[in-house]
Amino acid sequence: MVEIRCPFNESLTQQNGFAHGGVITSILDSACGYAALSVAPAECAVLSVEFKVNMLAPAVGEAFVARAAVKRAGKNLAVCAADAFAVKGGGEKLIATMLATMMNMRSST
Amino acid sequence: MVEIRCPFNESLTQQNGFAHGGVITSILDSACGYAALSVAPAECAVLSVEFKVNMLAPAVGEAFVARAAVKRAGKNLAVCAADAFAVKGGGEKLIATMLATMMNMRSST
Amino acid sequence: MVEIRCPFNESLTQQNGFAHGGVITSILDSACGYAALSVAPAECAVLSVEFKVNMLAPAVGEAFVARAAVKRAGKNLAVCAADAFAVKGGGEKLIATMLATMMNMRSST
Amino acid sequence: MVEIRCPFNESLTQQNGFAHGGVITSILDSACGYAALSVAPAECAVLSVEFKVNMLAPAVGEAFVARAAVKRAGKNLAVCAADAFAVKGGGEKLIATMLATMMNMRSST
């Protein structure tokens, strides 16, 4: 399980004052990337082939955290799932979820 | 958790003798639909808005089972995740995963 | 552009009498697969890595046709987009759309 | 057709010096959102329900442009497709593609 945390910042908001979907997507994508990297051969970097995100609730909170796990790792591709949560007053609320395909890159690209 | 099971049948295979991706997608989609229906208002039917499937391993087995859960249910939409497994010799192997958006339909459509 | 056509048949319907989403998905997936195959090296077969489908309208018609094109082909992966139409009374109506990732397989798998 | 343009800026890069996937996703998502808004009832705002992105080539260029169109607009949901291009030396190269579901919001949320 990989976890990436991003504190709230006004520069990250959209028109309603919530964190922008692109921010939540970025931490989900990064968490999936590091999850894939954790099971990739040592000489490999990892690139995002594609991902799908469902936005589940407004991103309102003091911080946002994405947690990713590898569903299946093959020789070239890894499929990862990740959830994003808003952290507020000590609790967490599910705000988005991602299903992603990552690719191992033999040379640094 | 909703579970849908489909026994292997030669009429369901593709060119390699595995169950066709369309078959696995159908049981994943149906499992997500029933999961959404289980949390929908009583007068509602459920339609698939969209889904994404990752094929993870060849569908080889005596039967295939899809298990779905609701990640979040709103007034009109529900987001569901489902995994499909091949059943073989008493064991199960993960072969596909789905992330889907379902819509409540107030009248039967 | 690859085109796959499937005539309407009662055995392919869901609870409302429309063609089942799994059927439409299958012709979209097959069309994407053949589109990818048309640009793959001669010795390669093609497998679906993943796809996303949006269902846009009920599948009502005398036949259904899926048309796919390659958006980008790399050494190992091809990304394809496809639309599905219901054919009725000489006209066509868009009923679903797919965005898919296909993988070249060097040996027959 | 909606077009959103973002000039290259070093603060937007990832580890290889390319524009980050989150940046490209953000302009694709915004282009889809405005495309949906262009066909939504006057009193509606638009929210992203979900989107899928395929990354097709490294985001290298002087600027990046996303162009979106509505594939189908219903009463509550619109399905949009968008392509992102890198602009370099007067030419454009396809770098990513999105398929997205947008929702009309009757009150500002």
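All chains are identified by letter, namely A, B, C and D, in their written order; residue positions are counted from 1 within each chain.
Note that in this section contacts are C-beta pairs under 8 Å (C-beta built on N, C-alpha and C of every residue); 3 or more make two chains touch, one makes a residue touch a chain.
Remember, predicted model here, so these are calculated numbers, not experimental data.
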Practice item. Could you work out which pair in A-C, B-D or C-D copies the interface of A-B, where over half of the contact pairs coincide by residue number? Key: C-D
Revision key, fill the gap. When A-D and C-D are ranked by contacting C-beta pairs, first place goes to A-D
Revision key, fill the gap. Residue numbers at the subunit B-subunit C contact, same meaning over half shared and different meaning under half, come out as same
Check your understanding: How many Å are there between the centre of subunit A and the centre of subunit C, using C-alpha atoms for each centre?
Key -> 29
Revision key, fill the gap. Subunit A to subunit D, mean C-alpha position gap in Å, rounds to 18
Exercise for review: List the centre-to-centre spacing of subunit C and subunit D in whole Å, with centres computed as mean CA coordinates.
Suggested key: 24
Exercise for review: Find every residue in subunit C that makes contact with two or more other chains and list them.
Suggested key: 49-50, 52, 54, 79, 101
Review point. In graph terms, with chains as vertices and touches as edges, which category applies: line, ring, star, complete, or other?
Key: complete
Point to revise | subunit B residues touching subunit C - in the complex, by the definition given at the top | key: 16, 20-23, 25-26, 29, 47-55, 58, 108-109
Revision key, fill the gap. Residue positions on subunit B within touch of subunit A in the complex are 52, 54, 56-57, 71-72, 79, 81, 94, 97, 99, 101
Revision key, fill the gap. Within the complex, subunit C is touched by subunit A residues 49-50, 52, 76-77, 79, 101, 103
